[in-house]
Every structure is written in C-alpha cells, then in structure tokens.
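Take a look at these structures.
The two complexes that follow have chain A in common; it is paired with chain B in the first and with chain C in the second.
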Partner chain A sequence: MTSEGPLCQDVTVKLENGLHLVPCSRITEFVRDFPGTISIRLDDQTVDAKSIFDLLTLRAPFGTILTLEVSGPGAADLIKGLVALFECNFEPD
Partner chain B sequence: MHTKPGIAVSSGVAIGQAFVLGVEDFRIPKRFVSVDAVDAEIVRFRCALENVCREIADNEKLASDQLGKQYGAIFAAHQQLARDPKLQGEVEALIRDKNYSPEFALSRVLGQYAQVLQNLGDLYKADRAIDLFDLEKRLLAYLLGERREELSHLTVPVIVLAHDLTPSETATLPRKFVLGFATEVGGYTSHTAILAGALEIPAVVAVGDIVANVSGGDIVILDGIHGRVIVDPDEETLADYREWAQRARKVAQRLVSFRSFPSETMDHVRVQLMGNIEFPEEAAHCRELGADGIGLYRTEFLYLESNREQTEEEHYEAYRKVVSAFPDQPVVIRTLDLGSDKVPSAMPQFYPQGANPELGLRSIRLSLADLSQFKTQLRAILRVALLGDVRVMFPLISSLIELRQAKSTLSDVMEDLEDQGVAFSRDVQVGMMVEVPSVPLLAADFAREVDFFSIGTNDLIQYTLAVDRSNPAVAKFYNSGDPAILRMIQMVADAGKKHGVPVTVCGQMSSDPKFVPLLLGLGLRQLSATPHVIPELKETVRHLTIPQAEAIAEQAMKLELARDVETFLREELKKLCPDLAT
Partner chain C sequence: MKLAEFVIEDAILTDLAVDSKEAAIRAMVNSLCKAGQIASDNADNIVAAIMKREELGSTGIGRGIAVPHTKHPSVDSLVATIALASEGVEFQSLDGEDVFIMFLLISPPDRPGDHLRGLESISRHLKNDDFCSFLRQSNSPGDVMELLREADDDRL
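This part shows the complex of A and B:
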C-alpha cells in the first residue's frame, strides 16, 4: 500500500456552539480505523484527531478555521470525508 | 467495644464477622497493586471498559429509539470517550509503570483531563468536564463492582457493612452467608430496608461512618430489634445477645407452627392477612407462612432488577408465577411505581428528577405520561387475570381526574385486546392506593369510583407530615402513630364502610404487630404486610376480640402525641402477646 501525505486542508467550524462534545465524537468515530495519522491544527496547537480528549481541548468556537493534516494510506479519501463532515455540520443525511 | 446507633429496618439479631464493602463514589479502596498483579489488574481494567462501552451502547439505542437521535448522539459521544486510545494508554501505563490500582490510575488520568477542560474557561467546556465525571463514575462502578462480586464468592457467614446497598444488590445477597447487613445511609422505608424484611435478614441502616472504622473480620453484633451495631463486643454483651437470639428463635418456630390456623379473632371475626412482595419468587414463601393472598405486588422491581423496560411477556410471566402460588386468593398487582428513589440505574435519563423528586413526575404520573409502557403492563395484568383473582391497583392517585385517566386507559387496553382477539378477563377489580392526603379528605368521592382502597402508610406519612423518610436529620418526625395519620386512616375506613368498599393497610405500619389492635378497632379487616411478620400478626389477631380492639383504638385516638400513641400500643401488645413485645 502506498503511503500518502501529508495532505493539508483548512476547514471552518460552522457550528453555532463551536466544536463541542458530539461533533468531536463524530470525528473520532469517523477516523477510528484509519491506519495513518490525523492531526488538527489551530494556531500553534496540534491535536490527535483519534483522541476525543485531545479534540476537546481545542478552543474552536463558531467561525474558527482549523487545518486538517492527514498522512497514511487512503489519506485523500479520508480528508475528503472529514471536510464533508464539517460541511454538513456533522449531521450526515 | 463501641456501639453505633442506627435505624432498625428488619428485626432479628445476628452475630458474626464483619465483611466491609467498598464505597462506590470517589473513594478509592486501594492505591497500589503488587507487581505480580499488574497483568491481572490491566485485564480487569479492560473488562470494566468493555462493560461500560456495552452499557453506553445499550443506553444509546434506548435513547435514540425513545427520545430521538440527538439524545442517542450524547451516548455515542460518551462511547468515544470510553474508547479513547489515549485514555486507555495512559491508565495502563500508570498501572504498569507505577503499580497504581486501576481505580486510582483512572481517577488520576480523568482528573487531569477534567482539569485541563475546566481551565479552558468557556462555560460549555466546563460542561465537558461533567461528562468526564460521568464516565469516571461508570468505570469506577464497574471496577469496584467487580470487588462487590466478592459477595457471591463468600464461603463463611458474615455481616455485611456497606455505605449503601442498591435494591438489586440487596435482593441478590447470598442468604446462606449473609447473616445481616448494616449501611451508613438509608431510612426505615427505603427500598433496601423493605427488601431486607423480605429476605428475612436482620438489618440496620443510617448508622453513619462505619465502613472506614471497621475492618473485615472484626466481630460485630447486628441488633435489628433496637437498631444498633456493636463492634468488637465484650464477653458479657455477647453472652446476653446469644441468649436473646436463642429465645427469639424458639418463639419464631412456635409461631410458624400456627400457619394452618385461620387468622381470626377470639370472637371469630376473620381478618385477611396478605403479603407485600417485590419479586415473584416471594409468593410461594408467603403461602408457606400462611398468607391469605398478595395484598401488594410492587411490580417496579421487575425494572429495578433487570435495569431495563419489560416486554408484555416478561410482565405476564412474572405475574403468572405469583398467581400460580395463590390461584384462589386475591393477588393485587400495583402498577409501576417508578421515579423518585426508584429509578433503574441504567436509565436515569428517562426519569427527570426535578428539584423535588417526591413531588415530581413519579409513579402513576409517570405511567400516564408514558402510556405505551403503562399499557404494556395493563395488557399483561388483564391476560393473567384469567388464571385467578387478580386485581389491579393504581399508586399515588391524588385527584379524581388522575384516577379516571388511569381507569380509561385500562378500558382502552381492554378494547385493544378485544379487537385483537386476545383472551383476557374483564372481571378485574380496580383499586387505588391511599398515599396522598387529598384522598382521605375526599374518600367518599373516590369510594364511588373504585372497588377497593389500600392505604400506603409510608407515603401517606411522608406527605402528611412533610418528612423525607430517607433523611436522617428529620427521621424522628416520621411517626406512624401520629394522630393525624390515625385520623386519616379512620376517614378512609369510615368512607369504605359507608360505600361498601373494602380497605386494606399495606404500608410498613401494618407490618408492626402493635398497630394490629388499633387497625382492627378502626374497622379494618384486611392487612398486607412484609411476609415474615405474618405469623406474628396472626398471633396478635388470635389474641384479640373486636370489642377489645375497638376499646384500644378509642383510647389511642384520644392521645395527642405520636410518642404517647406508640407507647400505649406497645403496652397493650405486651398485655396481649408478651412474646411479641420488644
């Protein structure tokens, strides 16, 4: 399997209450089985997207711009999926 | 030797070694584990995690199905907290590298996370810390819960000392090895106490700090008569108690030998003595003790024991067991009395407590708010009624409109069963509990709309005297003998007599032999009590005549203070049945 990345992309938090517990859990659920690494960067803070505890420490109210950073096999698909999650405000369907 | 006073909730005396159960909340029993236990402790931690994940998954499904997807999402998030790779990694590192116990390690790691979140400052982020505390509590419950299972591995008889026992823990105590128990908290009518009576083991509650001050193996006397726990007793005290216990055993044996004698007064008036039960298995035991039926079957224990909603078949099966023990005698099934202190531990989110749970959404109000659960139960009751003299009883009725709503739901269920061609009995007596002061005041109006009354003195006292029965600070104001209570019972008995509606007393009051002459004197002919006291109640009935009982009641009604009423009744019992007086 070829290794990809690191791929980076910016996303905007469009949740009224910011990136709170439930959306954080949607992220960890989504990336759980991904074999590579995923971090989310906000200014000089970088957290591991597989750990909900880490994600919770991000101060990300409405309008915050976060940078997704993914590397590993299937990174392109994964980042696409993550962006879609942010786009639909963490409410797929 | 030191003596701790408490509240006696189940009579008898037990002498034996102490067995101290850990405290569930945030008190960690042991901070370190030995080096060779590290692997086993890690396995124990992983098992607890697995169990919590499963429990959360169950809750998620329940919440999504019943409340909507957005509520399920909260549990999905908790699931992610529990499954966090960092959490597991850090806890296991502390166990392995520092030999912390899993409980201690977990508390440390989650405590640090919570602090980080709290320091972030935003209001909503502090809320996240609360979710962590919830996770910690669940995990600790499982970790310590495993310790609690040691109870099922007992090989010698012990006296269990605990901060508190849940009703289901009490129900599953191995009777062979548990001589009795004492808890730091609780009250006379807490459900744990009621169960102790059902299990027939001596118990004392509300003894205050004891878990930390007693070591496993200390000799303890549990005095369920006077309500005290004596730790490390001297020889003289031990000898006194041993002698007393022997005498009490003899009396009990003699009483049980009377079980085939009818329960009637010396002037041949029949008094029906029925049993209060929580579990179907108790019905057969009631029969052995000579009960005339089941006067109160508390069905909510089906939920409390299994921790989830019950299907119609599960209800039916439980009821069928009870009816089969009493095919020709009354079986009064009380509909769910959930809420307040009776909330299944796995589903607190379905029972919003409010600031004042005893005055909140509980009991019949909860049933009428969730008709599907209520109807499921009513269907099972109507079906099982084909097998015997089954009666349905609604708890905590406070107004006529509530009673009418409950009855009209029952009619709807009959129609549904009819439409679906399901066999059931229409011929079911419908009664209500008298637990709220509004009912005695309007007893005549209620009497026109029910087939029977059953006075639940526990709640009636609580609501009349405004005493939280589980609060030790006010427990002394909770008195069965209060003149206001006697007056209420009289009002209901009189209305019942006038309208031909039978009245039963089914609270803890009717389980106390000293109240028997008073209750018969007020005109009651049916009592429903904790099964193990039925032989004592029968003994009391058989030593009385109705004119005697009426004279005792008349005298008691003239007294002004609860204390005087109880002293008077105790003295009268001593004259009638010296063996039973304590």
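This part shows the complex of A and C:
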C-alpha cells in the first residue's frame, strides 16, 4: 500500500454534549492501528487523534467544525471511516 | 477552568483500598456526600448513573487514570473529587492496566460546556508525567490541592 496524504476534511460535531469522553474513546480505538499520522485541528490547536488525552483537550462543543488531517498508507480509507463516525454521531451500527 | 475551582478538597481520598470499580466509585460518591456536596439520599442514584455510564465504555483512559462521571440534577455546578489507590483498581481500562488515579465528576444536566471544560482541564494536566507522578505521591488532601494549584498556575 502506498503512502497517501496529507488528506484533509472538515467534520462537524453534532453531539449534543460535544466531543466528550465516549466519542474520543471511539476515535482512538478506530485509529489505534493506523500506521500513519492523524491530527485533528480546531482553530490554532492541533492534536494527535491517537491520544485520548489530546483529544479531550479540544473541548469541542456541539456545532464545532474540526479539520481531520491524515497521512500514511490507507489514509483515504481512514479519513472516510472517521468522517462516517462523526456523521453517525458515534453510534454503533 | 482551574482544577481547584471544582475539585472538593474535603472529598479527596489519598489512600483508597478497594477491590472493584463499583466500590471505588461508591467510596468517592460517599466522600462527596460527607463533604456536603451532594445529599446522601442521592448517593445510590448517582453511583447507579455512573456505573451505567461505564457500560457505554470504561472511563479508564489509560496511563493508570480513570475519569468516572455523570450528569445529575442534584448539583448546580461541576463538582469533582480525586481518589488515589496505590494498589490499583481493575477498571476495564482502554489499555487493560489497573487504575491508580481517579477523578470523579458530577455535572448539572443543563451545562454540557462545564463538563467539557472540566474534562479538558483534567486531561491537559494528566498528560504531564510530573503531575501524575506528584499526584500519586500525595499523602493528604492538602498535598493534592497544593499540587492542583501549582498545576493551575503552570508552576510545575
């Protein structure tokens, strides 16, 4: 698999309670085994999506627009999956 | 939001020895009751709500840390306590390791922003290895509060 990226995409936090601990856990679980880098940006703050401690410092309430930035092998699939997580409000299938 | 603004000194437990996640949560909730932050007749209900939240996914977020929490109408502002367990507590953490530091938060249902700000403050400091190390070495609620104030003021 060839390296891809960086790929960027904006997502909106549609959770009533914002990006709290449950969705942050889901994000870190989803990206844990990805060999590349995944950052999430809010204004001038950029955090590592593999670190739940980093994600929680985003303090992103309902309506916040975040920018996903992914680089590495399989980046396109990974960013697609992350966007889907935000779209379905982190609810399991 | 500063840690010392919502962590209740009188409810801090620095030598918690329990054999389960639920026992740890109950001890922390009871400690908040004794400190006058929540009414005793709400304790069972709050413990049940926190345990139900744990079923969605453990709040053991790795590095020996857990942040059990719930919303509850019996508080009108964010309140929290800290428990330190030198022997560790099995918390079904994300990394599979025992937990030694627990921050328990209770927030009003209508103020999700306060909850996020509290989590942000806790997470920001818990990323600091020195903070975690000093916290685990604290022997009294006064020691813990002094550490929280140092962290709040970026003096670590």
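By definition in this document, the second predicted complex is superposed on the first by the 92 of 93 C-alpha atoms of A that agree within 3 Å, B and C clash if a C-alpha of one lies under 4 Å from a C-alpha of the other, contacts with A are read in each partner's own complex, and residues count from 1 in each chain.
We take it that a residue touches a chain if its C-beta (ideal position, glycine included) is under 8 Å from a C-beta of that chain, and two chains touch if they have at least 3 such contacts.
Predicted, not measured: the structure shown is a model, and the values here were computed from it.
When both complexes are superposed on chain A, chain B and chain C end up clashing with one another.
After overlaying the two complexes on the shared chain, residue contacts for A:Gly63 are found with neither chain B nor chain C. When the two complexes are overlaid on their common chain A, residue A:Glu16 makes contact with chain C while staying clear of chain B. In the overlay built on the shared chain, the residue A:Lys50 is in contact with chain B alone; chain C does not reach it.
When both structures are laid over each other on chain A, chain C collides with chain B only at 345-353; the other stretches in 147-155, 201-209, 291-299 or 345-353 stay clear.
In the superposition on the C-alpha atoms of chain A, the part of chain A touched by chain B in one complex and by chain C in the other spans residues 17-18, 20-22, 25, 28-29, 51-54, 56-57, 59, 61.
The touching residues of chain A, when paired with chain C in their complex, are 16-22, 25-26, 28-29, 51-54, 56-62. Across the complex, chain A is touched by residues 73-74, 76-77, 79-81, 83-87, 113, 116-117, 120, 122, 124-125, 127-128, 131 of chain B. Contact residues of chain C toward chain A in the complex are 56-57, 59, 61-63, 67, 69, 94, 112-113, 115-117, 119-120, 122-124, 126-127. Considering their complex, residues 17-18, 20-22, 24-25, 28-29, 32, 48, 50-54, 56-57, 59, 61 of chain A touch chain B.
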